[in-house]
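The next part holds the structures, each set out as structure tokens.
Two complexes come next, and they have one chain in common, subunit A, joined by subunit B in the first and subunit C in the second.
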Partner chain A sequence: MTSKRNMAFFTEVEPPEGLFKAVLARIALARRRAARIKLAALGTVILVSGAALVPAVSYAVQEFYTSGFYDYLSLFFSDSSVAFSHWQEISLSLAESLPSLAVLLLVGFAAAFLWSLRRAVRNAGAAFNPIRLA
Partner chain B sequence: MESDEDLIAAYLNGDEDAFTRLVERHLKSVYSFTLRFVGSQSDAQDIVQESFFKTWKNLKRYSSQSASFKTWLMHIARNTAIDFLRKRKHIPFSEFDNEEGNSVFDNLPDETPLAEELLSNVQDVKDVEWAISQLSPSYREVLLLYYESDLTFEEVAGVLEASVNTVKSRHRRAVIALRKLLLHRK
Partner chain C sequence: MEEFKKWVPSEKVRWVLYGLGILFVALLIFHAGVVTGSHRHFPGRAGPGFGFRGPGFNVQLPRGFISNGHGSVGTIQSISTSSLSLETRDGATQTVLLSDKTSIRTESGATSSTALLVGQQVIILGTPNDDGTISADLIRTTPSPIRNSIRQ
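And then the complex of A and B:
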């Protein structure tokens, strides 16, 4: 059966030169704009999480000392034979004295900082590299 | 050769050039349809760019189970063309349309030869192009999608979001109207 398109009156029209590149350029510009917006958002997360890390570290260190966690942990280094012979009780004490909120804050802010930094580095190319058309 | 669905999957997996190959493959079809639908080269170029942009933006939402990529793309192109014309307040109704946008030839009873037989009797391409440009948009798009874009009736129904029977009926009326226009031209 003859293809319908073989009917001469319905042959496709050749697009003008430049239309192909115009289509790609439009998409590339939109992609770059989206990458820049994403980069700006990631930059904000980096700044906020980075700034929050400083007091989070300070708070965690303070809590480690005041909670008694540091004292229990130091037993393994100062008197290891006793510490290992009572390792179950000392482990329980370590778990109870762990400053969980401080650890959570420290890990949370550090993870946010590192994750957003990694995404920003990956995104930077798309945001600032010259547009390459086919 | 990679299928459209393979290219889409490749693009979504990070192959930036895959979408470029999709554009290359379908640009001619989309441009041809749009040009004949709106009748202006510069408008057609704007609409084609907007259509591919919308396609790229919504690519993640495309599902091959609901329609072929070409059907989906032509659906976007057709809707973009209609929106474009509405914004310009320039709906290309022909002088043969009444106020409701229906062709005055609609109600004339006629025996319709097959479109192939009809067009094989026409000597001048320009007469056919003129006649097509005079059809109402709903008739024009059916003929263009079926004959020029080479879609099946089912695919045309997908593009127009209409039933297959509606498309076939509209196709028949479009061919009747085309015949009348060609006779009128003579």
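And then the complex of A and C:
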């Protein structure tokens, strides 16, 4: 009964001219707005992770120096015969002196920066392209 | 700019991101292992943490390295016949035990313990003991401004 009434409505009532285009335009507008909000969020992530990369690199360099990682590694270049004869202790020392927190922060910020940049570039087209109607 | 726009969404960048993700997870597991292991086997020897201090809070994150495990790097503070005291780069004091088996080397080759000077920067390799000392197998001097100024 209801569907018959609906059918009658659609056959008898003529939709206003340009409604179809207006609906499509509104959908495109909503999509563009969502893309811009997404782009703003990704831009914030890019800025924060990009800004954090500088102190993260500096912190990692300092921690590699403090932990002595460079020094253990340098033995392979400066005194290779001794380094190879004590390879077990050097390997353990290298593992123990790896400043994992600093490297973790560096890798995390680099990954966040690259990921958000990739998403932002892919999203930029949808956010700034003019709305075109078919 | 066009090149950059093409490069960023490319497959190469996707694989770099996968690599960074895998590295991140591996480092997280490694860091957790180091922190847990250092607390169990070297209580109080894991070194100072990386801290955030503020009004009403003090969060200390473990740095993830042990400065006096199977090796140590620092400056000689004092020397005796059987041991030497080392100031590590994170400010801690480390006792290193010397024995007949300890090999001492400079940039020019093998030498004896008499060649070691206070203020010299050294790399120690050895075995950690339960009391926090290291029994040295190898002591290798490294060039440092501190040592040069003392020699002059």
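In the analysis below, the second predicted complex is superposed on the first by the 109 of 134 C-alpha atoms of A that agree within 3 Å, B and C clash if a C-alpha of one lies under 4 Å from a C-alpha of the other, contacts with A are read in each partner's own complex, and residues count from 1 in each chain.
Rule of thumb we're sticking to: a contact is a pair of C-beta atoms (placed from the backbone, for glycine too) under 8 Å apart; a residue touches a chain by one contact, two chains touch by 3 or more.
Computed from a predicted model, the values in this text were never measured in an experiment.
*Asks:* Quick one: classify A:Glu14 as touching subunit B (first), subunit C (second), both or neither.
*Replies:* A:Glu14 contacts subunit B only, not subunit C.
*Asks:* Determine, for the superposed model, which of the two partners subunit B and subunit C contacts more residues of subunit A.
*Replies:* It is C that touches the greater number of subunit A residues.
*Asks:* Per the contact definition in the header, classify A:Ala22: touching subunit B only (first), subunit C only (second), both, or neither.
*Replies:* Touch partner of A:Ala22: subunit B, not subunit C.
*Asks:* Check whether A:Asp79 is in contact with subunit B, with subunit C, with both or with neither, and answer first, second, both or neither.
*Replies:* second
*Asks:* In the superposed arrangement, does A:Ala30 touch subunit B (first), subunit C (second), both or neither?
*Replies:* A:Ala30 contacts subunit B only, not subunit C.
*Asks:* Go through the superposed model and pick first if A:Asp71 touches only subunit B, second if only subunit C, both, or neither.
*Replies:* Second partner only.
*Asks:* For the complex, give me every residue of subunit A touching subunit C.
*Replies:* By the definition above, subunit A touches subunit C via 63, 65-69, 71-72, 74-75, 78-79, 82, 86, 89-90, 92-93, 96-104, 107-108, 110-111, 114-115, 117-118, 121-122.
*Asks:* Under the stated contact criterion, what part of subunit A meets subunit B in this complex?
*Replies:* That would be residues 2-5, 7-16, 19-20, 22-24, 26-27, 30, 134 of subunit A.
*Asks:* Show which residues of subunit B lie in contact with subunit A when the two form their complex.
*Replies:* Against subunit A, subunit B makes touches at 17, 19-20, 23-24, 27-29, 31-32, 35-36, 41, 45, 48-49, 52-53, 56-57, 115-116, 119, 122, 125, 128-129, 143-144, 146-148, 150.
*Asks:* State the interface residues of subunit C toward subunit A in the complex, per the touch definition above.
*Replies:* Contact set of subunit C toward subunit A: 5, 8-9, 13-14, 16-17, 20-21, 23-24, 27-28, 30-31, 34, 50, 61-67, 69-74, 88-90, 103, 105, 107, 123, 125-126, 137-138, 140, 142.
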